[in-house]
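After this come two complexes, each holding subunit A, first together with subunit B and then together with subunit C.
Entry: the complex of A and B
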């Protein structure tokens, strides 16, 4: 099985939220109590029981309302900073599936304290991980690795009725995405672009300034690898050695 | 060497004694590989194990049509074979010509139609001017509906209109629905309503 990737073409998204509900259904996640908070985006944010969320942004331009839809999810980074951070605390809390590249949060995330979790969350350039305050488990999108491993599409991609969500081998997905950008630019969408395509596995296509869609649509510089994390990465082999010696 | 021990201890599956020469070479090489492989200690066994036991693998598959709107998307319902017949999963039927596997938010939530606690399992009756719903048996509900239909029809039936033309209709009853009906059900309903003399026959999609 080759390295996998998503292609999320926001120009086709109608914000029906089929993906959002299909994700809940497959993962048997409980519903979140929603309320009218001034936006159609509901629930208001991702949570430990909401891995996929269609973000809504409405902008007025020329007296008309313009919708920006962004079906947010974990990007499954090629080199996930959250994994590095989490490993600094508990080995095996976050693992990466070698065949698909899926970044998976294991049961061991329960062993992370809430301040540890804050660091994990802050190290994510896309603000994805969420912690269950009850159990301490940290969770997010799993890339439906159980489905993918058995030749099925992830639940969100399978459900998408408009063709916004695509999933497949990374090479093919990148080709498809680049072709779509070229086609859109030809049609006059000058700002058509892929977001961080070279470093992540959930590649979004947008046709306007990415920050209009959502603050974390592209990797944020103020998060990512902090000085603290860089230091810990530097020292980790040493601590590994010490525990190794201790066990010997 | 220490790095090798560390990863096997953490992995917990293989004991240090079982390291073959080939494994040793492999892991030593990886350890030298440096920081990028700092996570060598993880054990992919659980991931692989879960990937092999897909929860719908042995489930019984039954096809159905989404009951919500007039599009009529095809859905596969996965139920357990262990006798309980519990629904494990519902998802779009890729072989269905209408939706080809896709579903909207409502269709994707079909699972809850059965499992939700808010599901109404018995007929509920609210008497005129009452603010409470009362549970009622199907037999009671159906007889009550039949009795009232007969009563309303008999009292509101008109054979001729103001101009003396024969109309044979009732204006006392209206029928509403449904987008979720198939052709055959629509035919049966329409026939019955027309036979009763209804003129107000509506469809929820236009309300």
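Entry: the complex of A and C
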């Protein structure tokens, strides 16, 4: 199986949240108790039981209202800092599936202390990992690698009615994404761009300044590889991709 | 829909107005997106910036209840800028027809108005006719009394300045929408409209749709790919239920419900069969008796004979001039006029306008049967807010029923596609498919009539009632009866059809009792070739996405209706890239044509005596630019909603629709231009909940995404009321109040209406007190029970409220 990637074209997203609910259904994640907090965005944030969340942001520029939707999820970095950080504490807590490139959090994440978890979270440039305060397990999007390994699309992609969510071989996905950017630029969307396409496997397309959509839409400089982590990396052999990840 | 979902992808310009496709018809956006990828423009017009607006190339707002002003301005723009399709308008619509001298319009009223009865004598709305009895025409459209000139005069009053003052839409925005949309008047271009309850649920609901239909006719957009007038139906099968006469005023297939004054089958058929003296008009409804008699044969089988008028006397009759619509029924219930009620697959305690009135009406009943998947606010009304169970006599029975995936049958989608669905799982516990409940119920009723007799047992006992196999409801038997059978050996066009075989199409139905058809419009759906709705062919021979072998579509699998208007008078498509049908010189190719007659002109430009006009369902064969059948006028006219924020109608001295009739109970209060209720309100749905939420409020994943009722308002209004985002607010109308969470947003803006600032808010109607406990209640507690004069659909999309911090 080839290296996989998502293409998430926010210009097509209508925030129906089919992806968000399909993710919960496939991954058997419980609903959390929510309240309307003056926004359509609910739950308000990702959590241990919410891997996929459509973020809503309304802004006004030049007298025109914009309502941007950002179906947030793990980017499945080509070189995931969270994996490096976690491995500093527990070997095998975070693994990467060689065939798809999916970054997977295993049962061993429960062996990470809460301060270990904080480091893992802080090392993520996209603020993705969440910990279950009860069990200590850390979780996030799995790329539905159990589905993908069986020839199915990730649940979020399968559920998407508008063609916002696409998934496939990385080369084809990058090609598709670049063509779409070109088409949108031709249509007048000067700021049409892919976010961090070279370093991640969940490639978002936006048509405005990325930070308007969401603070962590692009990798944040103040997170990622911390000084502590950089030092630790220096004193141990590089692990790279592990092979032969067991299928769930 | 005159067209269908996939066809939206063929459009050059899509106007979403009176609907919120992205939120309420999410899948439709797949086809909108496809059109946009091909260069189409998406326009969104809505009081509130919605998730649809977020995807639009251009968005602008209008005050709720002012759509006719907005669209009337577009008609004026199209005509005064010469953007209409002259050939189409002159030859395919009644724009060329000459109106009688008595027709007139003055200060908001058409000729023939009777103030006392609040209705029109329509005799002055007639056309002048020649000595053959055919309407006089002027294809140059210059005659001052032709429909076109009258139309031009009528809508010349809707200038940009006045429209802007009424709607609150800036003139530049009006022009932008008009110009963009009207570009489809060019040959080969098509624009489409996606509308829903945002247009229908008004006291001018029908005229809202008519205004748009007229625009589509002016621009030559009816019958073509990527055009049409497309109602986004609010339920997966609401098109099917309408086709099969869910509403009181029709029998299946849009036949008329018999009136008390229709004293015999002959009188009934004579009254409802339209006539034409024009040999070039197909006047398809001229076949009416074939369809009505075939329907009666389906109802009463062998008991229906020529001697007893095929059982016509057994059919229920409605009193002339009396309404039996939803609003009428709940008004009658409220006044204690009847004592029993089946709430079947519905939740009027939340879905019906003026829900407090409905809830109170339930207390007047002796019994209620609530058939549903889950407990709801209707079945549990007696323990709802403000109710004292000790004082309520109503006995409530709950019958659990199967969900859609737990039974077999057809659904008909917005695009008129009847699609067969299979049972995926058994219903849980004692739940039964609706068909089984009905069969068991009717079997028992028939048994009681047989044993005990009763008043007028004939309709019950003479009913053809054989829809079971091994004692169980059989949806195939019903589907076949809907299609219809030959009941005797019948020879049509030299070919003999055996008794007992299924009728191939409605062209074969007879008025002599030798055929049956439960719904003539579906005759062709289940034939000797099999169940057409179950077809799953994925080939698209048309190249324009008709997919004619996938499921089945009424009528006779015609995917785009009025398609004979998609071609010029020689039968050649206006749009060569998206041809719906084409005349080869010998026959039509493409979609099933709206009748197989040759084009209007022969190759040498002469009128073909064998042709028929393209709009075959109209007695005169021409689309109605002038619509004399409507209760409130042959042309649309702007009237203010029953409850509105301004003291006069800027268009005329006629404030509200002159033909609406208010109910008189103490629950039918209203407050217009009342300082206690200064804010315009509307209601809507959300993607995350279905209808009143009976099926979705019990689903934790959906509830998680939309947990509580909310009231969206502008920052300006919030400041005025001291409300912050996320605060709890009380929203109150003359009829009731609800609590909701304030969403303070830039997506609502105050309107400038006739020089003053008017605020508007909006609330969803998907919540109810049964569950979740902290979710709030239905916004229909606020809405008025006033109906459109043609349909009695309630005006839930424009009314007045006040908002305060709770």
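Throughout what follows, the second predicted complex is superposed on the first by the 233 of 248 C-alpha atoms of A that agree within 3 Å, B and C clash if a C-alpha of one lies under 4 Å from a C-alpha of the other, contacts with A are read in each partner's own complex, and residues count from 1 in each chain.
In this section, a residue touches a chain if its C-beta (ideal position, glycine included) is under 8 Å from a C-beta of that chain, and two chains touch if they have at least 3 such contacts.
Quantities reported herein were computed from a predicted structural model and do not represent experimental measurements.
In the superposed model, A:161 makes contact with both subunit B and subunit C.
In the superposed pair of complexes, A:12 makes contact with subunit C only, with no contact to subunit B. Once the two complexes are overlaid on the shared chain, A:150 sits against subunit B while remaining clear of subunit C. Shared-chain residue A:36: touches subunit C; no touch with subunit B.
Judged by the touch definition given at the top, the superposed model places A:62 against neither subunit B nor subunit C.
Once the two complexes are laid over each other on the shared chain, residue contacts for A:134 go to neither subunit B nor subunit C. When the shared chain is aligned, subunit B and subunit C each come close enough to touch A:21. Shared interface residues of subunit A, touching subunit B in one complex and subunit C in the other, are 16-18, 20-21, 24-25, 161.
Within the complex, the subunit C residues that touch subunit A are 22-23, 26-27, 29-30, 33, 37, 49, 51-55, 59, 687-688, 700-710, 725-726, 741-747, 774.
Interface residues of subunit A, counted against subunit B in their complex, comprise 16-18, 20-22, 24-26, 83-84, 87, 91-92, 95-98, 104, 106, 145-150, 152, 155, 158-161, 233, 236-237, 240-241, 243-245, 247-248.
Those residues of subunit A whose C-beta lies close enough to touch subunit C in the complex are 11-12, 14-18, 20-21, 24-25, 30-40, 42-43, 58-60, 64-69, 161-163, 183. Across the complex, subunit B meets subunit A through its residues 2-3, 5-6, 9-10, 35, 38-39, 41-44, 46-48, 50-55, 57, 89-92, 94, 99, 101-109, 111-112.
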